[in-house]
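Two complexes are shown next, each including chain A; its partner changes from chain B in the first to chain C in the second.
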Partner chain A sequence: MKIKKYLTLTRAGIIESLNFRLAILIMIAGNLLYLIVVYFLWKSIFASSETGVVNGMTFTDTLIYLVLATALFNFMEMYTVWDMGRNIQSGKIVLDLLKPMEYRSYLFWSYSGSFVTNFFFTVLPTFMVVIIVTHGAIPFGINLLFFAVSVILGVMINYSIDFIVGTICLYTESIWGINIMKQVIVLLLSGATVPIVFFPEPLKTIVYYLPFQSIYNAPLTLLLSRNPSYETVLIIIGTQLIWCIIITAFGKIFWKKSLRQITVNGG
Partner chain B sequence: MKKKGLGFYLKIYCKILAQDLKSKMSYRADFIISTIGMIFTNIAGFVSFWILFHNFSSINGWGYYEILFLYGFSLVSLTPVQCFFDNNWSLRAYVYSGDFIKYCFRPINLFFYYQSEIFDIKGLGQLAFGLGTIIYSWIKLGLGFSPLMLLKIIVFLITASLIMIALQNAAAATCFWINNSFYVLDLVTRFKDYAKYPVTIFSPVFRFIFTFIMPIAFIAYYPSLVILRPDAVPLLSWLSPLFGCLFFWLSYKFWMYGAMKYNGTGS
Partner chain C sequence: MSNIINIKNVTKEFKVLNRREGLKGSIKDLFSRDYKIVRAVDNISMDIEQGEVIGYLGPNGAGKSTTIKMMTGVLEPTSGEILVGGNIPYKNRTKNAQDIGVVFGQRSQLWWALPLIESFNILKDIYQIGDNEYHNMLEMYQSLVDIESLLHKPVRQMSLGQRTLSDILAAFLHDPKIVFLDEPTIGLDVSMKAKIRDLIYALNKEKNTTVILTTHDMGDVDALCRRIVIIDKGKMLYDNDIEHLRGFFGSYRTLKIRVDGKLSKCADIVRKELANLSVSSDDEWISILVDEEKTTVMDVLNQLRNTFNIRDMQLEEISTEDVIKKIYEEGVK
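Right, the complex of A and B next:
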């Protein structure tokens, strides 16, 4: 069985992350705190607008958008760049390269376990809280299905970007700087800090042509739209799919070329 | 043992600093990339306010330049913790591996020696950006200038940074008791992102929490009022130097208590 070897990694990942129960608790506490800050911040921001609807978004829409964007961020954040960078510096990467599996998929599947635990410990609780706080402002229907598909594509795009950035570490020997740059760019241009519809015009168009909005903005737009036409859904998911293919392909080629660069000191 | 004076510690600090800078210089690319990354983060914060104020005229009665002033103030007051106390991030690893014991055998103050070992140069980029933001908003607000104001802002910047240092010390020291303290430190570090908002946006309960329990309102809000709203400075602003020293002293005691209790790993 081919899939079995991957699922073993998933299982190991689940067990590993369940070991850090305190970490999970603190993560939930941190998310709650963030939720509180975002709630009050945007409440007072919207208090200064007369109509209550800005750029087609109400306070509730904005709140759901930002809170779920953060939940998705925590869900997807796998510290890929850190792990790759450290493994390259320490030389442990040699052992991983010897595994009977492509390094790219090995890394992805060893994170897949924490996807499962993160889903149950951060995404689901946040989702519940949001539904309760906003009194069911999230429309239930076919959009949940689109959302799920879109999130999976988002995870893949995010991972591929991380993998490319991790590969850059082969050349730079700097992890912190590279990682923070990536994080800042992704968080800002994907709409996780301020929803993209708020961006002023030239910037907004540019951002829509970049791959980052496919990570958070695309699934959240699908989730929040009440009656999306099939055309819009097709365009959004199609864009994600195209970016996913382009970035994955680029990442694979880049990794292959860069692998020759590896210098591991000592044995 | 005779108590060693401030001059003695200053001399030692310069010596250790020189050694640290020498070793940093061998990773010049890392230094440059990290500094750029740091400035990226600050610019992203700036851009998100710019986008926000593109849509809204004020947040809770605070204008664009006033918010920028708060932001610049928080950046500058967060610089010392970045520059001088960055070794707190490694404390967990030292304690875990047992290497921490080497610090316990030096005939100088343990806390001082541990923190002085690392000087993080990339914080200087943030200092420059923060100062630029303060000066820019200062001019735009037409605050005027007097030596007394300069003295005030310097005193309040120092006290504000003491608060953040205290928070980080306390968070780092938790590693003497719990295993995976990275998340505690990470959580506290995220607090500083909330420091740039006026605390009045929160409801009374959370205003109390952010003032006395998690004192992030002292990082920018209360001290800035002295400059921004000189007619209506609350008592808490004048008390903030006192709170800064108090919190710092408490965190120092907590850190040392943990360190004294440490008995190594036995290897």
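Right, the complex of A and C next:
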């Protein structure tokens, strides 16, 4: 009974996004375009190298990584910051606060529907294409399970970061600048645009200690590595788990404090 | 004693930041302590019984919305006590949400892209409404308004009137003890207003739901409310039944005239001539507030006709704004 009140939001999200057929088509087309750009960009990068292997990755490795990263990015893309900012500005947030559930979960579950549609419209097709084109660059096995767990943690970390940035909008009342800043930071430091192995040394180490790589790099590493040792898996998922707990807790406390700020001081 | 809402000596103060400009300014503002204090609600007390329909009136910025937000739990009072259905709203906001329904005139809680019935289904699950209650409610809705034609229409394609109607139905769906309606008839045409009033009236009768209605439309109040509460500048000015208020102000009418000659000059002459009446003027009209118990409008007109050539006239019943202005100026004894 309890879970139903959340799943109904998932269902609504699915119906809602299916309503916009054109948006889905445009999203797929936009993706293709982006992937074409990526293809040629990295092709020329690899053309300038003599060995065909840069930073331990071949051209195909890099491309597969980036294609899958794009798919994951589309899968996880939420407009949390936008929506929170807009709702705060317009005052509609009052109506959402008056739903008989926590705002944080309300918002998350409202988005969850788009995960389902995005999975079927971008992630699955991309995987199929990659598998067919590369003849088995993605190993099948226990790694798929690790990948799934890792993606779920990635989604939660991503949402928590978004939610924290959205909460900042309560104070600044402007969205655009903050959102762009967040997007650039997350995309770069998470390995979604450039694989992290390509980063120069001091930065690479720093990035591994930051939460962002847990969003895209961690699940992709698990997916693409053949026979990783259990130690590696444990370290990757463990890091994700720790970040997930820290950021979620921080986000919750920050929101609670900020909300008190509004309830005391008005929006 | 079946009070559903108790409000005791509630005051709400806002600390308003003296804001600076730009991103840098905003970041500085995060740490700024440069505040001024604004008192939006000032020592208000009232008890509301289950099933009452209350007209909550006051000019813009009087503190109505602030009071409502405190009752819903979105705002915390600076001092004083509020109990809604035995809950302290801001402490148990999520629990309190189960007991209340809200309609804010210009915003919709419905799912924009989905047909109305989907919104209802979602609300059914969110508020955990049982299947039987839900179907009974929909049946009752159908008996009150022709909801069938709306159910399968996406909310974004609805007219403002249809949307407001739907929003009101959505607010009553989980059979809350209290429904807050914040200017529900704003921007609607006359027949839609009447329809909405009938609906609210029927829902209140049927479910014995307490309704708290803020509005600027005296017609809403006349049609629905037995009791009215008036606040201005955060202070409570009046809390009694509506007949009482009409008794005080029913005999007042506003006479508006247009005359030949320069308006401001003429207004001064009128003022002199009718020293015991309140006279005001704008670009088009000279308005005279007439207490019909003392002098009739006809007398005033006759008197004015001796001095002026009256080109045009209008007679207006006293408006909410006038009542509030009067109350504010003179108080209710």
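By definition in this document, the second predicted complex is superposed on the first by the 261 of 267 C-alpha atoms of A that agree within 3 Å, B and C clash if a C-alpha of one lies under 4 Å from a C-alpha of the other, contacts with A are read in each partner's own complex, and residues count from 1 in each chain.
The rule is short, and it goes like this: contacts are C-beta pairs under 8 Å (C-beta built on N, C-alpha and C of every residue); 3 or more make two chains touch, one makes a residue touch a chain.
The structure displayed is predicted, hence computed values, not measured ones.
Trainee: May I ask you to decide whether A:Ser174 touches chain B, chain C, both, or neither, giving the answer as first, second, both or neither?
Mentor: both
Trainee: Can A:Ile28 be said to touch chain B (first), chain C (second), both, or neither?
Mentor: In the superposition, A:Ile28 touches no partner, neither chain B nor chain C.
Trainee: Please work out whether A:Val149 is in contact with chain B alone, chain C alone, both, or neither, and reply first, second, both or neither.
Mentor: In the superposition, A:Val149 contacts neither chain B nor chain C.
Trainee: Just to be sure I read the superposition right, which of the two partners does A:Leu41 touch: chain B = first, chain C = second, or both, or neither?
Mentor: It touches chain B, and chain C stays clear.
Trainee: Where does A:Val129 make contact in the superposed view: on chain B (first), on chain C (second), on both, or on neither?
Mentor: neither
Trainee: Mind working out whether A:Val207 is in touch with chain B, chain C, both or neither, as first, second, both or neither?
Mentor: It touches nothing on chain B or chain C.
Trainee: Contact-wise, after the overlay, does A:Leu187 reach chain B, chain C, both or neither (first, second, both, neither)?
Mentor: first
Trainee: Please identify the positions on chain A that touch both chain B and chain C, taking each partner from its own complex.
Mentor: Correct list for chain A: 20, 172-174, 177.
Trainee: Chain A touches which residues of chain C in the complex?
Mentor: Going through chain C, the ones touching chain A are 14-15, 23, 26-27, 29-30, 40, 66, 69, 72-76, 78, 90, 93-95, 97-98, 100, 102, 104, 107, 109, 111, 113-114, 118, 121-122, 124-128, 154.
Trainee: Any idea which chain A residues touch chain B in the complex?
Mentor: Answer in residue numbers: 20, 22-23, 26-27, 29-30, 33-34, 36-37, 40-41, 43-45, 47-49, 54-55, 172-174, 176-181, 184-185, 187-188, 193-194, 198-200, 203.
Trainee: Any idea which chain B residues touch chain A in the complex?
Mentor: Per the touch definition, chain B meets chain A at residues 27, 29-30, 32-38, 40-41, 44, 47-48, 51-52, 54-60, 122, 178-180, 182-184, 186-187, 190, 194, 197, 201-203, 206.
Trainee: Sort out for me which residues of chain A touch chain C in the complex.
Mentor: Spelled out, the residues of chain A in touch with chain C are 1, 4-5, 7-9, 11-12, 15-16, 19-20, 90-92, 94-95, 97-102, 171-174, 177, 260, 262-266.
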